[in-house]
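Presented sequentially are two complexes of chain A, the first with chain B as partner and the second with chain C.
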Partner chain A sequence: MEHRIGVFVCHCGSNIAGVVDVKRVAEQLADYPGVAYSTDYLYMCSDPGQNMVKDAIKKHSLTGVVVSACSPTLHEATFRRAGAASDLNQYRVEMANIREHCSWVHRGDKEKATEKAIKIIKTMIEKVKQNEALEPISVPMTHRALVVGGGIAGIQAALDIANAGHDVVLVEKSPSVGGHMAQLSETFPTLDCSQCILTPKMVEVSQHPRIRLLTYCEIDDVSGYVGNFKVRIRKKAAYVNRDVCNGCGLCVEKCPRTVASEFEEGLATRKAIYTPFAQAVPNKPVLDRDNCTYFESGKCGICQKICPVNAVDYEQKDEFIEEEVGAIVVATGFDLYPVVNIGEYGGGSIEDVVTSLQFERLLSASGPTGGEVRRPSDGKIPKEVVFLTCVGSRDPENHVSYCSKVCCMYLTKHAMLYKHNVHDGQAYVFYMDVRTGGKGYEEFYQRATEEDDVLYLRGKVSKLFEEDGKVMVWGVDTLTGRKVEIAADLVVLGLAMVPNSTAVELSKKLKIQVSEWGFYSEAHPKLRPVESLAPGFYLAGAAQGPKDIPDAVAQASASASKVCALFSEKEYHREPIVAWIDEDECSGCKVCISVCPYDAIEFDSEKGISRIQEAICEGCGACIAACPSATIQQRNLTDSQLYKMVSAALED
Partner chain B sequence: MKIPYYPGCTLHERALDFDKASRECANVLGVELEELPVWTCCGAVFPLTTDSVMEILAAVRNLAYASRMGDKVVTLCSFCYNVLKRTNKVMREDGERREKVNLFLRADTETRDKIESFLKEDYVGQVDVLHYIEMLRDVVGFDKMAKHVKTRLEGLRVAPYYGCMLLRPHGEMKFDEHPEQPTIFEDFLTALGCDVVDFPMKTECCGGFQIVRDEETAIACSQTVVASAVKRDADLIITTCPLCLYNLDRKQKEMEKRVSGFRKIPVIYFTQLLGIALGIDDEHLDFSDNYVDPRPALAEKNLV
Partner chain C sequence: MFEPKIICFFCKWCTYAGADLAGTSRKQYAPNGVVLRVNCSGRIDPQHILWAFREGADGVLIGGCHPGDCHYQDGNYNTMRRVSIMKPMLEALGIEPDRLCLEWISAAEGDKVVRVMDEFVETVRDLGPLDLDLTDRLSGAEAPEGAEVVEQKS
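Moving on to the complex of A and B:
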C-alpha cells in the first residue's frame, strides 16, 4: 500500500511555537518518505484546525494522520473523531507529543528542541504507516448494577439507577439500611431531622420493584469485568427466617440477654436477638450468635419457643447468592478514628468524654436519653460542654494527616443544638481552623457564635482527665496566648473520619485501588471523581474521602448517572489496542497466563494454545514481554512498528 | 547473666542510693550489671542540631564501649536513657552523621589505647539501649521477677510517675506502645502485688532543669504531679529519674510553705521499692537522702 501520511504541526499558541520552529518542522517533514501533506496551524484542536485535518484527508487521500501537538490524553479522542468524520479509520490517527515531551522541557535550546520535535514526529509517522484499521471491541453487557453499602450514598445511588429503569442489587452488611445517617440527630445547616429525611428513602429502597435489597449480607467474591461481573454474596446466618418473620418483636422483648448497642454507640443496650433501631428496614430481627445464651450453653431458646410463626432457626447457616451485574457502585462509608489511640484524651476510659456519634445519640429524640442531653456517667444535664475539633485529623505525626472536612460543621451543630437544649449551659469549641466551605455553612457558624453564644477558642487541647466528677480540659487559647483550663461536665471529640473497617479487604476482592489512608481512589481527582481506575467500578460517599451528606448524595447521583451512561448502550465498547496471539506460533507454554495481572488469558486445551480474552485485556504488555517465542503482539504496537520507531528516533 | 551497665554521672555521684538498690535487685534476679570500664557523661541533653556531630560524640563513645562487651547496654537515669537511645537511632539511621562520628572516633588515639582495638570496626548502632525496667520486662520477665518476691506489697498504693524523658519524643523513644497512657510501670507494680494508683499527671513534666532557672514554674509543675497522686490516696510515688525525684521529693519542702494544708508523700526510686519486695536488707536500701521519709508509710503496711 502506498503511504500517504498527513502531518499537522500545532503551535499551541506560543506553548510549542515559542520554542520549536514549527514552520521548519512542517517544511522538513513534507519531504519525509510517505508524507503526502504537511502543514502547521495556531490551534489544531480548534474548529478551523480540525477542519484542516478533515479537509486534507479528503483532498490528499490521506491513509494516516499524525497530529503533532500535546499529549494524547488531552486530544487523541478529538482528532480520532475528526479522522473518522472524513472516513479515515480512527486508529490511523496518532498524536506526536511535542509539547509535554519537547517544548515545555527544552525552553532553553530552540535549535535542539526543533530537532527533537522532528524526531518525535518521525517515529509516529513510522508507527502510523503500519497501523491497522481497527474497530472498537464490543462486549455484551448485563444491565444490572450492584451497590455495596446501604448508607445514604448507597441508597441514593440505588434509587437513581433503579428509577432510570435498571435493576439494582443493594448489599448491606448490617441488619438494616440507613448507615451512619440513621444515627444522626439533626443535620446542618438547616437542622432538619436526619431520620425524617432518611427513613422515606430507606422504605423506598426496600419497596422499589427494581431493587433487590440484601441486608445482613457481604460481598464474598467478585470476578469478571465491566459489563459482565459475577458476584458471590454471603448471606450471613441471622438465625431468623426473615421471609417468614412478621416483625412482631416478641422475641426481642423476651430475650433475657442484653449487650451494648452498636447503633446507640454503646450508650444503651440491645438484646441478643435484635433490630438495630425502631425504624430499621427491614424491621426484622437477627440473632447475634456471639452473645446468645442458647449458642453458649444450649439453654434458653426462649425466642424460638415464643415466636408465633416459627421463624427462629438455630440451625441456619450462611448462604451464598450469585448475581450477575454490569457495574458496581462502592459506597461502604466511614468509621470514626479509634478513640483508644488518643491516649491524651483518656483513650476511651473517661465516661464523660464521648465521640461525636455518641453525642448525636444524646441529641436524638429517639436516642437513649430521649433527646435530652444527659451525660453518661451520672445522667446529669451537663452545664459546661467542650467540643474538640481535629481529634486525630491533621496530625500526620501521630494519627492521620488529612482534614476530615465535616467536623467543624457538625461540632458547630452540636454546640448549637446543645444550647437549644440547655439554655443556661455553656458550649466551648476548641479549633485549629473553622472550615465552613459550603452553601449556608458560614452563616450557620456565625449564628452559633452570635445567637447561641458558643465560645470558640483557637487552640489544641493537650490533655483530658477526670477530677472531682468533672472532666478537666487543659488547652490553650493561642489568640490571647493563655493557657485555658476548663472543668467540663462533658467533652465531645470530633474524631477523624476513616474508611469503613472493611474497605481495604473489599478493595482486594474488587481489585480496585485505595489511597494511602484506605479511601478508594478515584480515576482523576478533578475530572473523573466518581469512577475507579478499574473499569466498571464507581465510588460514592465517604468511602472515597470524608464527606458530608450533601456531597455524599451528589456523588452517589453522579455515580448513578455514570452507571446509566454505561447502560445506555446495548454493548460495552472498548479500545482495541490489546494483545493478540498468533495461533500457529503459540507453543502453549502458559507463561503469559502466569504474568497477566487481569486474568485475561485463557488456555484452549483442545488446541493446546493460550487465547487472549479481548474484553478483559488492558493492553499492558506483560504477556508480550514474557512470551518466549515472541508470538504475542500488541495491536498497533507490534515489534515491527517499535523497531521502525526506534530506528527513526536514532537516525541522524 | 552479665549485661553491660552505664550508670551515668548522677548515679555515680548524687543518686548513689538508686545505683546501689538497682545493682542489688539485679543480683537477686540473677543479672550482673557489668559497669562499663570506661565511660563519660552522656551529654545529659540530646542535641537537636543536625549539622554537627560534636554534641553526640560523648554518647557514641559510651555506646561504642558497650558494643565491645555485649549487644545491650542497660541504664537507669531517664536523661541518660533518652540521650543514649536517641543517639543510637542517629547512628543506625543517619548515614552522613554516622560516618563523621566514626572519623572522630578513629582519630581519638587516647581512647583507642584505652579500649584496645574496637575502632577497627565502626560503631553503627550495634547495641540495644535498654532501660532497667525494660530489662526487667524483656530479659528477666515480670513473671519471673514476681517469683523472687519475698514480701508481696499487698495494700500498698503506689503511683507510678513516668515523667517526660522516658517517653518523649514518642516516635524516637518507642518506650511504650501507648505513649500517652503508658503501662509498663503499672505492669511492674502489679507483679509486685501493689495497688496501682493511676493518676492523670503520670506523664506530665516535673519542672526538670527549670528548677535552676525558674524555681516558681518548676515547683508549680512538680506540685501538680504530687497533689494529683495525693488526691488519689497514693501511699508513695515511684520514679526512675534522679531529677524528677529531686523536684518531686526535695521540693515538697517549698510546697509546704506555699500551699496551706499540703499533704506530703514519699517519692522513691522504683528499684528501691523492688528491693523491699525482694527482701533486700536495709543496708542496701538507703532512704537517708529523701526529704519525705518513706519508712513510716512502708511501716504502716508492715513492709519495713
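Moving on to the complex of A and C:
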C-alpha cells in the first residue's frame, strides 16, 4: 500500500511554537518518505484545526494522520474522532507528543528541541504507516458499580448511580457510613447542622433497593477490567451477627470495658462492643477484639449472655464476598496529618492543644460536652482560644507542600461558633493567607471579623508550650512586625488534610495512579478531573485532593454521571490493541500461557497451538516479549513497528 | 561536547505519564532521549534493545512501574529479569552494561524522570559514543524480521 500520511504540527499557542520551530518541522517532514501532506496551525484541537485534519484526509486521500501536539492522554480521542468523521479508521490516527515531552521540558535549547520534535514525529509516522484499521472489541458489561468509601462523597455517588437505575455495592471499612462529615458540628458558610444534612442520606443508602451496603468491609482484591471487574471484599469479623442483631444496645450498655472513641477523636470513651455513634447506619454494634476482655482472658462474655437474639458470636471469622461490577468509584476520603509530627506544637502531648476534628466534637451537640466548648484538661470554658492555620500544610521543608484548601474556612467557622458559644471569649486566628475562594465564603469570613470580632493575626506561631495551666503561644504578627505572646486556654490546630491511610495500599490493588502525596491522580487535571487514567475507575471527594463538602458532593455526582454514561451502552468497547498469534508459526511451546497474567491464552490441543482470547487480553505484551519464535504480535504495536520507530528516532 | 542518543521505552501507565507530569510542571532536562510509548515495560524484548544499539543508540533507558505496582500485575518483574540477563550479555558483546538502564518511575514522579534522564545522559556521555567497530560487528548480523537497516550514521 502506498503510504499517504498527513502530519499536523500544532503550535499550541506559544506552548510549542515558542520553543519548537514549528514551520521548519512541518516543512522538513513534508519530504519524509510516506508523507503526503504536512502543515502547522495555531490550535490543532480547535474546531478550525480539526477541520483542517478532516479536510486534508479527504483532499489528499490520507491513509494515516500524525497530530503533533500534546500528550495522547489529552487529545488522542479528539483526533481519532476527527479522523473517523472523514472515514479514516480511528486507529490510523496517532499523536506525537511534542509538548509535554519536548517543548515544555527543553525551553532552554530551541534548536535541540526542534530536532527532537522532528524525531518524535518521525517515530509516529513510522508507527502509523503500519497501523492496521481496527474496530473496538465489544465485550459484555456488568451494569453494576462498586463505590469504595461511605463518606459523603461515596454516599452521594452511590445514591446518584442507584437513582439512575443501576445496582451499586457500597463498601465502607468502618462500622458505619457517614465518614468525617458525621463528626462535624456545623458546616460553613451556611452553618447547617452537619448531621441534619447527612443522616437522611445515610439512611437513604441503607434502605435504597438498588444499593447493597457493606459496612465493616474492605476491598481484598480486584481483578478484571472496565466493564468486567471481579471484586473480592473482606467482611471483617464483627463478632456480632449483624443480620440477626436488632440493635437494642444492651450489649453496649453492659460491656465493662471502655476505650478511647475514634469517632470522638479520643475526647470520650466507647465500649469494647460498640456502635461508633448514636446515629450510626447500620445502628448495630461490632466487637473490637483487641480491647475485649473475653478475647484477652476468656472471661467476661457478658455481651453474649445478655444478647436477647443470640447475635454475639465469638467464633466469627472474616468472610469473603465476591462481587462483579463494571465500574468502580473510589471515595476513600482523608485523614488529618499526624499531630505527632508537629513537635513545635507539642506533638499531641499538650492536652489543651486540640486538632480541628477534636474541636468539631467539642462544638457538636452530640459531642462529649453536649456542644458546650469545654477544654479537655479541666473541663473549663476557655476564654482565650487560638486557632492556627497551615499546620503541616504549605511547609515543603518539613511537612506537605500543598494547601489543604478547607482549613481557612473551617477555622473561621470554628472561631465564629466559639464566639456564639462563649460571648465574652476572645478568638485569635494566626494565618499565612486567608483563602476564601467559594460561593459566600469571603462574606462568611468578613462576618467573623466584623460581627464576631475574631482577631486575625498574619504570622506563624513558632512554639506552643504549657505554663501555669495555660498554653503559651509564641508567634509573630508580620503586619506590625511585633512578637505576639498569648496565654491561651485552648489552641486548635488546622492540620493538613492527607489521603486516608488506606489509600496507597488500595491504589496498588486497583492499579490506579496516585500523586506525590498519595491522593488519587485524575486522568487530566482540567478536562478529566473525576476519572483515573486507568479505565473504569472514577474518583470522588477528598481522596483525589483536599476539598470541602460542596466540592466533594459535586465531584461524586460527576463520577456517578461518568459511570452512568459508561453504563448507557449495553456492551463495553475496548481498545483492540491486543495480542494475536500467527497460528501457522506457533510451535505450541506454551511459554505465552505461563506468562499471561489474565489467563487470556488457551491451548488448542488438536492443532497444538496457543490462541489468544481477544475479549480477555489486556494488551500488556508479556507474551509477545516471551514468545521464542516472535509468533505473537501486538496489534498496532508490532515488533516491526517498534524497530522502525527506533530507527526513525536515531536517524540523523 | 558529545551528545549521546538515547532511546527510552516508557510504560504508558507510569513513566510515560511521569514524563507528561514533568512537562506540565515545566521541569527542564537534557533533550537527548526520544520516548517510545509501550503498554508495559514487559513488552520490551532483548531484540528491541540490541536493535537500538545497532541503529546507533548510545544508551537505552527503560521506565517501568515500581515493583508491586505493575498495571498488568507482574510485567515489570519480567523486565527486571530480562535486564539482569541482558547486562552480562551486553558486556560479552563489548557494550558497556551501563548503557542499558532500567528505572522504576511512577506517574507521580515527574522529578524522577528529570533526574534519571539527566543522570543517564551524563553516564552515557562519560562512556562516550558506542564503539563503532562493535556496531560493524553487529551489522554483520541479519536484521530481525520486520526491521530494516537504515543508512548508517556517522
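One rule holds in what follows: the second predicted complex is superposed on the first by the 456 of 652 C-alpha atoms of A that agree within 3 Å, B and C clash if a C-alpha of one lies under 4 Å from a C-alpha of the other, contacts with A are read in each partner's own complex, and residues count from 1 in each chain.
We take it that a contact is a pair of C-beta atoms (placed from the backbone, for glycine too) under 8 Å apart; a residue touches a chain by one contact, two chains touch by 3 or more.
All values derive from a computational prediction rather than experimental measurement.
A.B. asks: Taking the superposition as given, does A:Val309 touch the first partner, chain B, the second, chain C, both, or neither?
C.D. replies: neither
A.B. asks: Does the superposition put A:Gly343 against chain B (first), chain C (second), both, or neither?
C.D. replies: Touch status of A:Gly343: first partner only.
A.B. asks: For A:Arg99, is the partner it touches chain B (first), chain C (second), both, or none of the two (neither)?
C.D. replies: Touch partner of A:Arg99: chain C, not chain B.
A.B. asks: Thinking of the overlay built on chain A, is A:Ala487 touched by chain B (first), by chain C (second), by both, or by neither?
C.D. replies: neither
A.B. asks: On the superposed three-chain arrangement, identify whether chain B or chain C touches more chain A residues.
C.D. replies: If we count touched residues of chain A for both partners, the winner is C.
A.B. asks: Give one of first, second, both or neither to describe whether A:Cys196 is in contact with chain B, with chain C, with both, or with none.
C.D. replies: neither
A.B. asks: So in the superposed three-chain picture, is A:Asp639 touching just chain B, just chain C, both, or none of them (first/second/both/neither)?
C.D. replies: In the superposed model, A:Asp639 contacts chain C only, not chain B.
A.B. asks: First (chain B), second (chain C), both or neither: which does A:Asn398 touch?
C.D. replies: first
A.B. asks: Counting only touches as set out at the top, which of chain B and chain C does A:Phe465 meet: first, second, both, neither?
C.D. replies: After superposition on chain A, A:Phe465 lies in contact with chain B alone.
A.B. asks: Do chain B and chain C land on any of the same chain A residues, and which?
C.D. replies: Touching chain B in the first complex and chain C in the second, no residue of chain A appears in both lists.
A.B. asks: Can you name the residues of chain B that touch chain A in the complex?
C.D. replies: For chain B paired with chain A, touching residues are 170-171, 178-181, 200, 204, 231.
A.B. asks: Give the list of chain A residues in touch with chain B in this complex.
C.D. replies: So the residues of chain A touching chain B come out as 342-344, 346-347, 349, 397-398, 463, 465-467, 472.
A.B. asks: Across the complex, what residues on chain A touch chain C?
C.D. replies: Residues 71-73, 97, 99-102, 104-109, 112-113, 115-116, 119-120, 123, 508, 511, 513-516, 521, 525, 533-534, 577, 595, 597, 618-622, 624-626, 630, 634, 637-647, 649-652 of chain A touch chain C in their complex.
A.B. asks: Which residues of chain C touch chain A in their complex?
C.D. replies: Touching chain A: residues 5, 7, 13-14, 17, 19-20, 22-24, 26-29, 31, 34-40, 42-45, 47-48, 51-52, 55-57, 68-75, 78, 82, 106-109, 114, 143-151, 153-154 of chain C.
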